[in-house]
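Each in C-alpha cells, the structures are laid out below.
Paired with chain B in one complex and with chain C in the other, chain A is shared by the two complexes that follow.
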Partner chain A sequence: MSDTPDILRLDRVGVGLRTPGGTADLLRNVSFSVARGEIVALAGESGSGKSTALLAVLRLLAPGAQVSGSILVDGKDIAPLRGRELRAFRSRTARMVFQDPWRALHPMHSIGRQLTESARAADPTLSKEAARTLAGDMLARVGIPDPGTRLRSYPHEVSGGQLQRIVIAMALVASPSLLLCDEPTTALDVTTQAQILELLQELNRDLGITVVLATHDLDVIADIADRLVVMYAGSVAEEGPTGQVMARPEHPYTRSLLQAAPGRRPGERLRAIAGRPPSPLEVIEGCPFAARCEHRTSICATAPNTTVPIAGEPGRRSACVRVTAGTAPPSAERRSG
Partner chain B sequence: MLLFLVRRIALIAFVAVGVSTLLFVLIRLSGDPATLMAPADASAEVVEATRVRMGLDRPLIVQYLSTIAAGFTLDFGQSYMFGLPAAQMVFSRLGASLWIVLPPLLISLLGALAIGIYAALRPTRLSGRALMTVTFLFDGIPYFWLALVLVLIFSINLQWLPATGNSGFASLVVPWVALSIYGLATLSRLVRGQLLDAFTEGHVTTARSKGIHPARVLLEHALPTALPPVLAWLGIQFSLMFSALLILEPLLNYNGLGALLVGSVTNRDFPVIQASVFSIAVLITLMNILMDTVVRTVDPRLRTKVAQ
Partner chain C sequence: MNPDRRTVSHDGPVLRASGLAKHFRMGGLGRSRKVLKAVDGVSLEIGRGETLGLVGESGSGKTTVGRTLIRLYPPTAGTVEFEGRDITRSSGARLRQDVRRRMSMVFQNPSTSLNPYMRLGEALTEPLVVHRIGDAAQRRSRVAEMLELVGLDTSMADRYPQELSGGQRQRIGIARALITDPSLIIADEPTASLDVSVQAQIVNLLGDLQKELGLAYLFITHDLALVRQISHRVAVMYLGRLMETAPADALFTEPLHPYSAVLASMHQDREHRIVPRGEIPSPMSPPSGCVFRTRCPIAREQCAEQVPQLREAAPGRSVACHFPGELKLDTAAASVRPEPAELTFTDVPPTTAPPRPVPAGSVPHTGEKE
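This part shows the complex of A and B:
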C-alpha cells in the first residue's frame, strides 16, 4: 500500500467559518491520506466534519470559509487553483456523489442533458453525440435498465435508488480518479443501500477508482471500506484498516461509537455516549473527546489534537495520548470498555 | 396540454361570470340608475320612461342574465353619455393602455434580472447592498407622485416633454419611467432572493462540482429554478400596473382605458363601466394564464402533474 503514491493527502487541514457568534471551526487539524485504489470511509456523527472534509477537497466550501493546512490531490496542492484550472480539476480528477439524489440533480433538465454536460465538462473535445453515447453506456454500466429511455427522462420520473445510480454515472462519464461520496446511501431504503454499496465496490475493483466515503453508518463501513478514518468534532480520532479498528479500537471515542451502534452483537444493550460533542464555536484545548471520555486523565488537557502511529501496529494511528504514549496498554483498556 | 388549456378557458369563463355578477350587484347598490340618469327635476313619468328605455323595468333575473350574456356576446349596450356601443369605446382605448403598460412590464423584468443577478452575486459587498437599498427606496415612492415630479422637472422646467396628452412617444416617457420603477422595486428584490436561495440548492452545488463555468451555472442551473415565482409575480405586476392607470391616465390626461373608466364612473355610464371592468378582468386573467403556460413549458415537473 505504501509503494503507490497517495492520491489524496490532507495535512493539518483546518476550516473556519466566520459567524455572528464567532469563528466556527468545522475542521481542526485534520490529517489523513488515501492511497490510489482504496476505499476509505470517513466515519463519525453528524457535525464531525466528514462532509466538510469532502467539500474542502473539491473547494466547494461556503464563500468566506478559511482553509488552513494543505490538501494534495495526486501530489498537487489544490489551494492555488483558480478559474479554468479549478474547473478542470473538479471536472476530471475528483467527482462528488451527494447524499440526496433528488436534490443533486437539476429538476428541469433531462437526465441525458445532465450526463452529457458532465462528460463534456471533463472533455470539451467530445461531440454531443459521442457524449450521449458515453452517457448511455455509463447508465448501462451502473445497472440502469433501458438507458436510451432514461436519457430522455427527468429526475422526478425516476426512483431514488435509480437516481443515485444516475448521479454515480454522471461522475463516471468524466472517468475521475477519485470519487467522493457524501453519505451516498443515507437517503435510500435499506435494500437499495446495499445495491449502491455493491456498485461502488464493483467500480473500485473493475475501474480502479479510489472511493472516499463519508458515512455515519458502521454497517456500510464494515461492508466495503478498506480503511477507516474516525472523525470527532472536526478532528481525526483514529485511522487504520477497517477490520482492525472495529475489532480493537485504539481511541475511546471509536469504542463508544461501536457500542452505540445497534445490532452489532445480538442481545447486547445499546450504550449511548454521555454528553454531546463540542460545538464548532468552542475553543478546544487538548483532546476534543476528553470531556466525554471515561478514561480521562490529566495529560488529556494538553494532548496535541493529531493522530500519531501506534507502536507495534503498522498502518494504525490514534489521537489518544493514553494509547500513543503507552500509559494505558490498549489491551487492558479494551477489556474495561 | 389539451386538458390544461380547457381548464384555463374554463377559468376565463368563470372570471367573466364572476366579474359580471359583481358588477351587477354593485351597480344596483349604487342607487337607482333611472333616477340618476333622468334630469334632477324630472317628473315621475319621465323617470319611469327612462327606466323602460334602460331595460330596468324587466324582472331582476332577466336583467341579471342579460348582464351575464353581455360578457359572452361582448354587447354591453350603448353608452349613456355618448350613445356609442360601450364595447367599441373600450376596444378603441385598449391599445393605448396596453401601450402604456407592456413596455414598463418588459423593462422591469429585464432590469430586475440585471439588478437581481448583480446583487445576488455580491450579497455581502457594498455595491450589492447599495443596489438593494435603492430598490427598497423605489418601493416607497408612489408612482403617481413620481409621475408628477417627472412632469414638473422634464415638462414644466426643462420643457423636454409634453406635460399631458397623447402626442406619441414623448408623452409616454413619463408613465413608462414611473411604472418601470414601480415594477423594478419588487421584481429585482424577488430575483435576488430567489437566486440566493437557488445558489444553496443541491443541483447548483452539483453543477459547480462538475466543473461547469460559473456563467453557465448561473444561467442554466440557478436561474431556471429561480424564475417561476418571478414570472408568477410578473402576472400580478401586470394587474397592479393596470390599476395604476386609473390614476395615471386622468393625471396625465392620456386617452386610455383607465381615463375612460374613471370618467364613466363619474358620469354613471353603466354600460361603459361594465365593458371596461369586464375587459380589464379578462385581460389580467389572460396575462396570468400566459405566465402559467411559460412556467409550465420550462418546468417538466408541472407538465407531469397535470397529465396524471
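This part shows the complex of A and C:
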C-alpha cells in the first residue's frame, strides 16, 4: 500500500500497434485515475479504447504493442514488471472478468479445480484443502446455491448467469485490490444482468474492492458506477460523477451518445450521430469528435486532445475546448501537462 | 423508428398465427427421447404497416417463432395465415410464391449473413433470380433503386461485404430483404451487433421504410428500451409461451403480467426494479402450470396447478396470468429516462465557423449517406 488515494492512475497513455496499413493508435493520450474503493465505468462504443485500457493495465496487450505514458497501480509503475513479479501482479493485485463467461473457464476442468488453482496462484502457501474451502466460501458469497456440489460441476453444466458469478468468484479468491470487468453483463439476459450488477456493487461495498468496468451501455451501468469516464476514438472525452455526467454532459459526444440510445422519447425518431468514428489508423489533429460534432468551431481543429478540469464543478473534466475554454487556460492546469 | 401510432389500419391483419407450436426432438432413444417445446401455443396478429415487437430472454423461443412464421421450420401444431392465405402446410412453388416473396427476414449479424465471395450487387440480385423477376437490365436498375432506398451509393454494388462497416452491411441486409417487395419483414435482433450511434441510424431507416412502403415488422429483440421505442404493440414471451401482448406504452406503464412488470421495471432506477429470483428454467423441463411461477413474486398454489390461458384483458390487450395486474410498477418512478441537459459553452466570443459537411476523407469507406 502507498499513501496515494488512487489505486489506478493512467497518465498520458498511448497504445500503438503496427499493422500492414500503418500504426493503429488504439489509445491516444489517455489520462484518468481511480480512487480506492470506487466503481468507475469506462463507457464508449466499439473502438473507443475502453477494453484496450483495461488490457493495458493488466499488461495483456498483443505482443508488439507500443505503450507510452505511465500506468501506476497502487503508486507503482507496472511497465518494468517482468517474470515472477508480473505473474504475482496479475494473480494477486489486479484481476479481470471478461465479457463471455463461457470462454473464461476451461471446459474440461471442474469448477473447483479452476477456483483452487486461482486461489493458490495468488497465495502459494495455501494448502489444497484450504484453497478448496476458500473456493466454496467464495461461491456462496457470490450467490451460488449449494457450492459444495458446484465445485464438482463442469462449466457446461451451469447457466450463463451462474457462470459469470463463478468467474467473479474465481477473481475474488485472490482477494485482489483491483477488479477489472470488460462488459461483464453484455452476454447475459436483462434480468440476469441486473443480478450481476447488484452483486458487483455488493462486493464493492462489503469487501471494499475497487471495480473498473468497461461498457458500451451507459444506461445499464449508470446506477452502479460512482464515476464515468467517457471514451471516444481512443481518447477520454469527459469524466465525472455518474449522475452529473448523465444529467448534464460536458462534452457533445456524451450528449449525442445518450440521445442516440433508445428509451428517452418512445415513438420518436432516434437522434443518430452522423458518420462514424475515425479509424485508429488515422492521424487525428485537434478534437477526435470534431468531424461529427454539430457544435464544431474553428478552435476545435487545434484542441489539445486531453481533459481539463471544469471550474466550479469539482470532480468533472472535459476534453471539449468549447466547454472548458473560459474556465481554465488549456496550457495552465492540465493533468497531463 | 417512428411509428405513427394513429394511422395504422387494423382491418385485416397481414399475418395471423393461432396456437402455433414448434417442438424439437432431442437426443435419446425410445422412452428416453426428449422433446423440446421451443414454442408452445403462441397466437398473435400483425396488422398492415404495424410493428409488433417480440421480446424475451434467450431460450424464450422468440427466434423460433420468427423462423416458424416464415416457414423455415414447419410448425408442429397451429396455423399461420399470411395475406389471407393459410400457409401452414404450403410447400414448393406455393411456398415460394405466397411466403418467401412477400415475407422476408433481416438477420442479426450482417457480417455472417452475406457471402464474402459475392459482390453486393450479386447478393442483391440473387432473390430476383430465384423468383424469376425481371430481365438483367431490370434487375440492375432494381438493385440500384434498393441501394438508394437504404441510403447507400449505387457504386456499392461492385464492392465485397468485407469492405463495408457493420452499419453499411446491415443496410445491405435490409435492401436484400426489400428487393422482392414484401409486406412483412421479420427482423431478428437486426441491431444487436451494432453500436448505439449506428443502431440509431438503422432503426430510423427501418422507420422511414415502413412509412414509405407500408411495411409490417415483426421486430425480435431482447432490448426493452429499443422495443418500446419502435413498436406499436409488444408481445412478451417466456419459455416458449406468450405472457402478454399490449400496446407498447401500456405494456411499459401498466403491465398486466408479472413478467412484463419485471421487464418494464428494468427501465427504472435501481430501487424501483423488480428483480426476479433465480434464472430461467431449462426449456427441456419447464415448470408445471404457469411457466413463470418459479420466479414470480406473486405466485401461489393455483399457478402450479393450472396453465393460465391467454385471455383478452382489454381491447388490444391479452394476458396469460391468473392474477393479472396484481404486481404493479412503482408509479413514483419515471418510466422514461430523463433527457440530458443542453451543453453550455464558455468560449467567448463565439468563433463559430459555419458547420461544414463531414469530410469524405475522414472515414475509411465512403459511400454511406447520412
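Quick note on the criterion: the second predicted complex is superposed on the first by the 316 of 337 C-alpha atoms of A that agree within 3 Å, B and C clash if a C-alpha of one lies under 4 Å from a C-alpha of the other, contacts with A are read in each partner's own complex, and residues count from 1 in each chain.
Note that in this section a contact is a pair of C-beta atoms (placed from the backbone, for glycine too) under 8 Å apart; a residue touches a chain by one contact, two chains touch by 3 or more.
The structure presented is a predicted model; accordingly, all values stated were derived computationally and were not measured.
In the superposed model, A:Leu60 lies in contact with chain B only, and not with chain C.
In the superposition on chain A, A:Ala247 contacts chain C only, with no contact to chain B. In the superposition on chain A, A:Leu151 contacts neither chain B nor chain C. In the superposed model, A:Ala122 lies in contact with chain B only, and not with chain C. Partner contacting the larger number of chain A residues, of chain B and chain C: C. Once the two complexes are laid over each other on the shared chain, residue contacts for A:Asp100 go to chain B alone; chain C is not touched.
Contacts of A:Ser91 after superposition: chain B is touched, whereas chain C is not reached. Within the superposed three-chain model, A:Ile111 lies out of touch with both chain B and chain C [touch as defined at top]. Across the two superposed structures, the residue set of chain A contacted by chain B and also by chain C is empty.
Chain A meets chain C in the complex at residues 45-46, 159-162, 189-192, 194-195, 198, 216-217, 219, 223-224, 246-252, 254-276, 278-279, 281-282, 291-292, 294-299, 320-327. Partner chain A is touched in their complex by these residues of chain C: 1-3, 5, 57-58, 165, 167, 195-201, 203-204, 207, 222-226, 228-230, 248-249, 252, 262-263, 266-267, 269-270, 273, 275-276, 279-280, 336-341, 343-348, 350-353, 355-356, 358-359, 362-364, 368, 370.
The residues of chain A lying in touch with chain B in their complex are 58, 60, 64, 86-92, 95-96, 98, 100, 103-110, 117-118, 121-122, 154, 156-157, 167, 170, 174.
On chain B, the positions that touch chain A within their shared complex are 124, 201-203, 205-213, 220-221, 224-225, 298-301, 304.
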